[in-house]
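Each of the next two complexes has chain A plus one other chain: chain B in the first, chain C in the second.
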Partner chain A sequence: MNKTVLAIGILITAALVAVFFLVMGKDPGHIDSPLIGRPAPTFTLRAVGSGQPLNLEQLRGKPVVINFWATWCMPCYQEHPVLVQNARMLGDNVQFVGVVFNDTEDKIQQFLNARGSAYPTVIDEAGKTAIAYGVGGVPETFFVDKAGKIVAKYEGPMDGDTLQSYVAKVMQ
Partner chain B sequence: MIVFVFLALLQLKVPDAQQLVGAPAGKKLAGAELDQKTMELSQILRCPVCQGLSISDSPSIMAANMRDQVRDLLVQGYSQEQVLKYFEQSYGQFVLLKPKFQGVNTFVWLLPLGALLIGLAITLVKMNKLDAAPAAPAPEAPADDPYVARVRELVEK
Partner chain C sequence: MTGSVGQFLVLLSLLVATTGAMIGFYAGRVRTKEAVEWARKFAYLYAACMIGATLVMEYALLTHDFRVGYVEQVGSRAVPMWVTIVSLWSSLEGSILFWGFILAIYIAGAVRFTKNEHADFMGDSIGVWLSCAIFFSYLIAAPANPFGLVANPPFDGPGPNPLLQNHLLMIIHPPFLYLGYVGMTIPFGFASAALMRGRLGAGFLRPIRASLLLPWCFLTIAIMLGGWWAYEVLGWGGYWAWDPVENASLLPWLTATAALHSAIVMERRGVLKGWTVTLVQASFLLTVLGTFMTRSGVFNSVHSFTQSAIGPTILVFLAAALLFAIVLLSMRIDSLEAEGRIDGAVSREGMFLVNNLLFVLLTFTILIGTAFPLIVEAFKGKQMSVGRPYFDAMVVPIGTALLFLLGVGPALPWGRAKQGQALRLLLPPAALGVLVAGAGFALGSSNFWTLLTLFFGGYAAHVTMAEMWSPVAARMKRGENVGTAVMQAQVRRGRRRFGSYVVHAGAVITIVAIAVSSTMRTSRELQLEKGQTATVGKYGVTFLGAEDRQEPHRLSTIARFRITKNGKEIATLAPRMNQYQTMREPIGSPDVYSTLAGDFYISLMNVDVPTQRVGISVYQTPMIAWIWISVILMGLGGLIALIPARAPRVAIASEPVLPGGVPAES
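Right after this comes the complex of A and B.
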């Protein structure tokens, strides 16, 4: 066989194998957020229960954990107690905010009544806030530092250790 | 009570596109032109919760929200580039079904062209080699071959 053709064949095969190994092991549903390191998109949304507007900018000065969730999301049931427990434990040091989209206030209120609540939950009526944050699915959680900059994002339900390790990043 | 609710609603604000892509740079669309442009842009934006579907083709709620957002931005006068940039700022280039000609994406565009050029080059080199090689002379049968002599005899009859 011609040496040039053989060399080209080996080169192409090596490139394909390299791409395969680079992509393999990556979650195809994972989206690298371009928002990391940038200011968190600001919003003023209505809080469930009180109906009072909650403005993200007013929380500037303390770390904020923004959790996107919905009552139709099964992993959110698993994550909710972790969030509530840590919000109570961290108290005023960190502000937790739940953002619910594509849901109804009745269902959210029932969910919170049944499972407890330790922080404000706001309604993202047409999912516009979720879009601005690049949310692909729920639950998704953003960690915002004191200056209002997004430091990290977590996709999927968190356990206590994961949540605390991410909170530590915004407390620095 | 009604006044209180109304005042609270007035204060509500979703993230402002102007923060991300600047002031609207296009014309405010309406009617058929708006429908057409919404459809065009929805076909080139990827649904983030689907497998390779555009937000135009996806039946998911997330895709429906994104289509509505495209429409709202066009109504406000954001240009096509600004609308695409808005989604790219949130989801990254993942959201663009047609990757940009920059960075690693350059390979997506250049690799097929490169493969075609390499194929053409190999074909041309092979063709040149065939042209340059002298034609092999036809082998002559030995004069005293009895088989050839018999064939000649039969043909000449």
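Right after this comes the complex of A and C.
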């Protein structure tokens, strides 16, 4: 029995298996946002349709759901009805805002006309707001509480249950 | 019905593998002819079950039998037949079944080719192979069952992962990779059997070496195909990103390459037995690690299958295989005694030793770089990544040193070399080294590592050509003409030697092409309007216009460019931006004008169809096509070395033929 081989081998095996065991089940694509627990970066952007500027700070006092999306994003088509339905259901209790980047106003208007809308959609023309929020892909959704603090972030299209569970976090 | 037949065959394979493994280990203990014969029969039976199950799945796919779970998941009536056939490996469950299929072929092949030889080792070998088979059959039977029955079968399905249909290379890369990965099971079984017996002679080294070389050839080509695919599809102008899963395919290749070299020293000098066996074991274990890395969803990578439930199962298998190998090694490594010794450092075997240490160092370097982010996340909860700078800083010097050995090693004789003799052998090839490095410098390369690589490359090329030529020259001296001499020296007698120098020639070109292409690449970003022309070096790029195209599974924006060189039109390139239904980000699909001298590569950054404006990245990379060609050369060289030397005529003449014309098995 060569004890050196055994000891080194067991050490390598134990270390490797322990590390894999500990990280298994985590989503490797998920990037922790450093913004969670911090004030939401503020923005003033032009709303599609009305052309009125919308300032995030005006919405203070109410939980806000900020959804980044684009018309060229296929999963956003799937998520849109979920957002619209929940925004209607929650009414004045929660403010939804859609932020579109890397897109044209015509296309957005066409999209909203065809698929309905229930909350303001603003255009992030130079993509600065998306950068400030560290958006890695669309759709991506941020949940901001009454005090203007980011409580959570979700990457990818949400279904109704996921959206409601996150909204519940900002309603508290 | 089809699903039930498949399910039955998988369960039967599980039963057969379990029984066969037990019989195999029993045969390894008692070593009677009957017991080994029974183990061989069970190995064939297992192969039949697994191949049958795979054929049943192909049948279900081709007949669009949506009652079968996997067909419901990846099948579609809308896709062409070839897509339907290859969708066997387009998704997790099918690819594990495909894995079992390849394992079955390898096991049956290994049993067939060893015939009645090595009876002492065959029982345990079959036992180990079938133990691995138990694990894969279990995966297919339970956690990754592709034959699950669908309660409400739909009329049509979604079709396979759209990326599979994006490029031909995506279809051939996985089978090559599996042939490389799965094949490592066979030398693992042989090496384990040698350890269980506690002895390893020259006779048994032959099947170990051959069974290692075959998957090595496939793995070599698979790694290249993966890089080529990334280059043609992913749009960042490169082919290797040190992605964890790319690394996972490289790790067993490195240890297998080391093992193929140390086996030669073992054969010649009777030393490095335990070391060679350890490397063979490590190659297999690293393929299991690679499988875990790809299938567990632990890493974020272009390769990762979606989060799957089989991760924990593979981890258990990995841990079990590691423990088995380590306990076995620690118990028996000392009984594999050296029969000879290594005389001096400045000798061929001395260089082989250094080569081995470098390969193992490279393996550890890459393994640590790959696993480090996981270690940090597991223990500190912080996210980080280890990127290019680390890998480049570590791998470039080691790779260059290996290229140096590729020249110096074969130039030195076996045994202790005298100083004068060593110098006489080592100096002449430096001329070609200086010439190649000088040519590189004249053509504009000023990077230290590139020039050093060119020097070593020229050196190694000279040595390789001289080594290929010397047996031919010896025959010609004896009065044979060139044709006969080449035929006799390379094709008939020295196939193994000739093949290994073909591999070396391929490796030299590969390393040089990697160094030149990565340090002499230029890139430009351009913004163009329709009709506008930009000049990039000798090339002119004219934007001809862009359009949207709706396809069943994706929305594509295609931009067209006319490329001119010195004012003459040479190509029209059409890079595109593809938005797949299931993905959050659009995927650019570049277009390449490729020549042996270099590639002209356009990737779309942004495109606006209404205003007809585009932003593109243009990459000019010299010599990149040589990487693909030379790696194929390496794979072919390996296959040439694998073809056994022609059997003596007596053996052929004495083979009895049974009535009916079927040759009897010897």
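A few points about this structure:
Following the convention adopted for this analysis, the second predicted complex is superposed on the first by the 164 of 172 C-alpha atoms of A that agree within 3 Å, B and C clash if a C-alpha of one lies under 4 Å from a C-alpha of the other, contacts with A are read in each partner's own complex, and residues count from 1 in each chain.
Everything below uses one rule, namely that a residue touches a chain if its C-beta (ideal position, glycine included) is under 8 Å from a C-beta of that chain, and two chains touch if they have at least 3 such contacts.
Everything quoted here is computed from the prediction, not taken from an experiment.
Judged by the touch definition given at the top, the superposed model places A:Gln85 against neither chain B nor chain C. Once the two complexes are laid over each other on the shared chain, residue contacts for A:Pro53 go to chain B alone; chain C is not touched.
With both structures placed on the common chain, the touch criterion links A:Gly134 to chain B but leaves chain C unconnected. Contacts of A:Phe43 after superposition: chain B is touched, whereas chain C is not reached. Applying the stated contact rule after C-alpha superposition, one finds that A:Phe20 touches chain C and leaves chain B untouched. Look at A:Met74: by the touch rule set out above, it reaches chain C but stays clear of chain B.
Of the two partner chains, chain C is the only one that A:Leu6 touches; chain B does not reach it.
By the touch criterion defined above, A:Gln164 reaches neither chain B nor chain C.
Using the contact criterion defined above for the overlaid structures, shared-chain residue A:Asp124 touches chain B, although it does not reach chain C. Note: residues 5, 12, 28, 31-32, 102, 137 of chain A belong to the chain B contact set and to the chain C contact set alike, using the contact criterion stated above. If you check the complex, the residues on chain C that touch chain A are 289, 292, 296-301, 304, 307, 311-312, 315, 318-319, 322-323, 325-327, 329-331, 333-334, 371, 374-375, 377-379, 383, 555, 579-586, 606, 608, 610. Those residues of chain A that touch chain C in the complex are listed here as 1-3, 5-6, 9-10, 12-13, 16-29, 31-32, 72-75, 102, 104, 106, 137-139, 155-156. Listing the residues of chain B that touch chain A in their complex gives 5, 8-9, 11-16, 19-20, 48-49, 51, 61-62, 65-66, 68-69, 72, 87-92, 94, 115, 118, 122.
Within the complex formed with chain B, the residues of chain A that make contact are 4-5, 8, 12, 28, 31-35, 41-46, 51-53, 55, 101-102, 124, 126-137.
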